[in-house]
Amino acid sequence: MDPALTPVLQAAGEAHHLATSIEGYVYPNEQNLLWSVLIVVYPYITGLVAGAFIMASLVRVFNVKALTPVYRLALLTALAFLVCAPLPLLFHLGHPERSFQVMITPHTSSPMAMFGFVYAWYMMAVLLLELWCEYRHDLVVWSERERGLKGALYRLITLGVRDLSPAALHLDERLGKVITVIGIPSAFLLHGYVGFIFGSIKANPWWGNVLMPVIFIFSAIASGMALCVVLYKELSWFRRRAVDAACLDEMGKFLFYALLVDFTVEGLDWLHRLYAAEESISVLKQLAEGRLFNTLLVIQLCLGTLLPLLALGATQILPGRIPVWFRQRIYYNSAFLILVGVLAMR
Amino acid sequence: MSSSKMPPQVARLVLLTLGIVGSYGDAWKLLVPKTFGEYGWYRGAALEENAARKPVFSGMKSCDECHSDVLQRLSKYEHKTVSCEACHGPSRAHADDPDVKTPKGTFVDSDCLRCHQSSPSRPSWLKQVDPVEHYRVDRCTGCHVPHQPKETP
Amino acid sequence: MNHVISRRRMLGALGSALGWIASRPAAHAAKAAVQNVLASSHAPKGYDPTKHKWLMCIDVDRCIGCGLCVDACKTENHVPEASSFFRTWIERYIVKNPAPGGIDARGEVLVDSPNGGRNGFPPSLVPREEILRSFFVPKLCNLCEHSPCAQACPVGATFDTPDGAVLVDSNYCIGCGFCIQACPYGCRFLNPETKTAEKCSLCYHRITRGLKPACVEVCPTQARIFGDLKNPIENDPIQEFVRKNKVFTLKPHLGTEPRVLYANIDKEVR
C-alpha cells in the first residue's frame, strides 16, 4: 500500500461520526450552547419580581385585606430581586464594560435594548416610588431618631419631605394606589417583555411563538406568589412570630388560581403545537423525549405543576376537612415545588 | 394649606425625575460615538475598521504579474478555474518579496485526492479516481502535470 | 414657610441650570477624550459603500466538497481553530434509496459536516449502493434583506452595510449573543478570544480593495459566484447564474429575504 495513501485512509477511519438525519442535524456553529444557565436565571428572577409585585397590588388595588401582613414583604422581595436581576446578565456578556451602550445607543428594533428602559421604568417609577410612599412615614421617624451615616442616609431617602400630617399621609396612600395601578401593567410588561425577547426569535421554533409572552407572564405570577409564601413562612420562623393563618389561606388561594391559569396557557401552547404538527414538531418531540425529558416532563410538569395543582386544589375544594397545620404544609411545599418547576421551565 | 400649591412630595419627586432625565441626557451626549448614525444605526467608523484588516490571500491577479506564462498555460486546460493559492497556499508574503517561498511548493498524493478522490457525493462532470483501483506507478505527479492536467510530464 | 420653600426651590433650579451651562466646556473636553478611544482607523481610500452592491450565489452542482473554501476562510479571517466556529462551512447531504416495498420514493436523508468540511469529507459510512443522490452545500451568511440579526442587536453592533454585506462592529459588540440566537441559518458564533459575535463578513477587507472573498478565490470549480450588482463586468457571472438556473433561497418562510441564491439544491436542504 502506497504510504501516500495513508492520510486519506486514516481520515476515512476517523469518520466514526455518523451522518445524522436531518432532524438531529445541528449547524456547526450551534454546537456550543451560548445561552445557558445565566440567561435562564435572569427571566426567572424578573418573573419573581413581577409575581411578588402582583401579590402586593392585590392588597393596594383590589383591597384584599387578608394579605396585608405580606404587603411590605412582597414589595421588598420584588426590590431585592430586581436589584440582583442584571447580575447574571452582566456575567454572561462578553464585554460587560460596554453594557452601558445598551442605554446610550439602544437599537429600537431590539427587544433586549428596549428592555433596559422597561427595567429602568419599573425600578424607578414603580417599585422605588411605591416603596417610598409606603415607607415614607417610617423613614421620617427613623431619620430623626438615627445619627451618623444611617441617619444621613434616611434623610437623603426622604428627599427632605418631613411632613407627617394626616393630609400628607393620606396623599402618600393615594399616590401609592395610583402607582400600583400603573404598576400592574408595568409588571405585566416587565415579564411579558422577557417572554417577548424569546418569543421574537423566529429562528428557534421552541421559543418563537405568539404565546411565549403570555406563558412567561403567568408562570411569573405563579412563581412570584410562591416565593412570597415561602419567604413569609421562613421569615416568620426566623423572626419567631406566628404566621397569620388567614393570610396564608388567602395566598394559597391566589397561588392556586395563578397556577391553574399558567397550566392552561402552557397546555394550550403544547396542544396547538401537537395538533398543527408543523415541521418543527419532530425536533421538539425529540427534545421533549430526550434531552429535556427530566426538566420538562418530570420536574416542570409533574412535580412543579400537577402535584401542586392537586394539593392546592384539595385545600380549595375541601377546606374544612384539612387541618390548618397540614394546609400550611401544603402551601409551603407546593410553593417550593412551583418555584422549582418554573425554574425548570426557564 | 392652599390647594393650588404643589404638595412637597410631588414637587420633590418631579425635581428628582428632572434630575435623572437631565443626567441621562448628559451621559448620552458624552458617550455616543462620533460616527454613530452616519449610514444607519451603527458606528460609521465600523465600516472602515472592517475594511482596514490586512488581506492574507494575494489573489490570482498578483500572481499574473510575474507568472503570466504559467497562467497562460493553465488557462488552456481544466484547471483554469483553480486559483494558484488554492494549491500553493496564501502567498502574500511571496508576492511582496519573491525571495520568500510560497507556503506549499511540493505536493503529495493527498493534495490531489482532496479534490479528485472518487465519492458518490461529487458531481459526475468532475474527473474522479479511486486511489486503490487507479493505475499507479509512482505518485500522481509521475503521470500528471498539475498545471496542464491533460499532458504528461 | 411657603415663601421660603418656593424661593429656595427657585434658587436651586437656577443654580443647577448655571452649573449645567458652566460644565459644557469640561463636558466637551471629556467627550473628546472618550471619542478618541472610539476613533476609526485608515481603510482603503476612495471606496464608497453606496456605489456597490455585492452578492454571492452558490451553484450546488459545482461543489465538490474539497473544503478549500472553509480552510481559506479560517486562514484569511483568523477564525478560531476549534471545530465549532465557522464563518462558512460545507454540508454533505446523502439521500438513501427508499426501503423496498414501494411506499416511499426516496429514503432517509443524512447530513454531516465533519469539522465544517475543512479537510474535505471522509468517505461516508453509507455504502455506495444505498445512496440515491448525494451533494455538497456550502453555507455562509445569507446576506438577508431583512436581517433578523441586525434587528435583534441591542446596541447597533451588527448592521446591514449599504453595499450588501452584514458586518459586526467588534469594538462595539457587548457579546450578549442575541444575534447568534436570532440567525436562522446558524452562520454566527461568539469568538472565544474577542468575546464578540463574529460571522462571514463577505471578506469586506478584500472586496473593498477589488479582491474577491477568500472562499471565492480558492474555490476550484466556481461553485461560489461573486459579483457586484451595481457594476456588472463583461460576462458577469451573477447575471449568467440567474439566467441559467432555477434559484432557491433557504428558509423563505421566515421572511428574512435572504439574498444568497442557491441553484440546484434539494428539498431537504435547510
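Per-chain numbering from 1; labels A, B and C assigned in written order.
Convention: a contact is a pair of C-beta atoms (placed from the backbone, for glycine too) under 8 Å apart; a residue touches a chain by one contact, two chains touch by 3 or more.
Bear in mind the structure is a predicted one, so any value in this text is a computation, not a measurement.
**Student:** Touch graph across the chains, line, ring, star, complete or other?
**Tutor:** Looks like everything touches everything, fully connected.
**Student:** Give the chain pair, either B-C or A-B, that is connected by more C-beta contacts.
**Tutor:** B-C
**Student:** Please work out the Cα centroid separation of subunit A and subunit C, and write it as a whole number of Å.
**Tutor:** 34
**Student:** With chain centres taken as the means of their Cα atoms, state the distance from subunit A to subunit B in Å.
**Tutor:** Result: the chain centres lie 43 Å from each other.
**Student:** Centroid from C-alpha atoms only, then distance subunit B to subunit C, rounded to Å. What do you get?
**Tutor:** 11
**Student:** Of all the residues in subunit C, which ones touch at least 2 other chains?
**Tutor:** Those would be 92, 94, 120, 123-124, 156, 172.
**Student:** For subunit B, which residues are shared contacts with two or more other chains?
**Tutor:** 8, 31, 33, 36, 41, 117 - these are the residues of subunit B that touch more than one other chain.
**Student:** For subunit A, give me the residues that contact two or more of the other chains.
**Tutor:** In subunit A, the residues touching two or more other chains are 101, 105, 107.
**Student:** Going by the contact rule set out above, which residues of subunit A touch subunit B in the complex?
**Tutor:** Contacts found on subunit A: 2, 4-5, 7-8, 100-101, 103-105, 107, 124, 129, 133, 136, 159-161, 163, 167-168, 171-172, 175.
**Student:** If we count contacts the way the header does, which residues on subunit C are in touch with subunit B in the complex?
**Tutor:** Going by the criterion above, the answer is residues 2, 5, 9, 13, 16, 20, 27, 30-31, 34-35, 38-44, 47, 49, 61-68, 72, 75-76, 92-94, 120-121, 123-124, 128, 131, 134-136, 156-162, 167-172, 201, 203-206, 208-209, 211-212, 214, 217-222.
**Student:** Under the stated contact criterion, what part of subunit B meets subunit C in this complex?
**Tutor:** Checking each residue of subunit B against subunit C gives 2, 5, 8, 11, 15, 19, 22, 26, 29-31, 33-36, 39-57, 59-60, 79, 81-83, 85-86, 90, 114-115, 117, 119-123, 126.
**Student:** Taking the complex as given, what residues does subunit C use to touch subunit A?
**Tutor:** So the residues of subunit C in touch with subunit A come to 83-86, 89, 91-92, 94, 108-114, 116, 119-120, 122-126, 139, 148, 151-156, 172-178, 180-190, 194-196, 254-255, 268, 270.
**Student:** Tell me, which parts of subunit B touch subunit A in their complex?
**Tutor:** Touching subunit A from subunit B are residues 1, 7-10, 12-13, 16, 20, 24, 27-28, 31-33, 36, 41, 108-110, 113, 117, 131-132, 136, 139.
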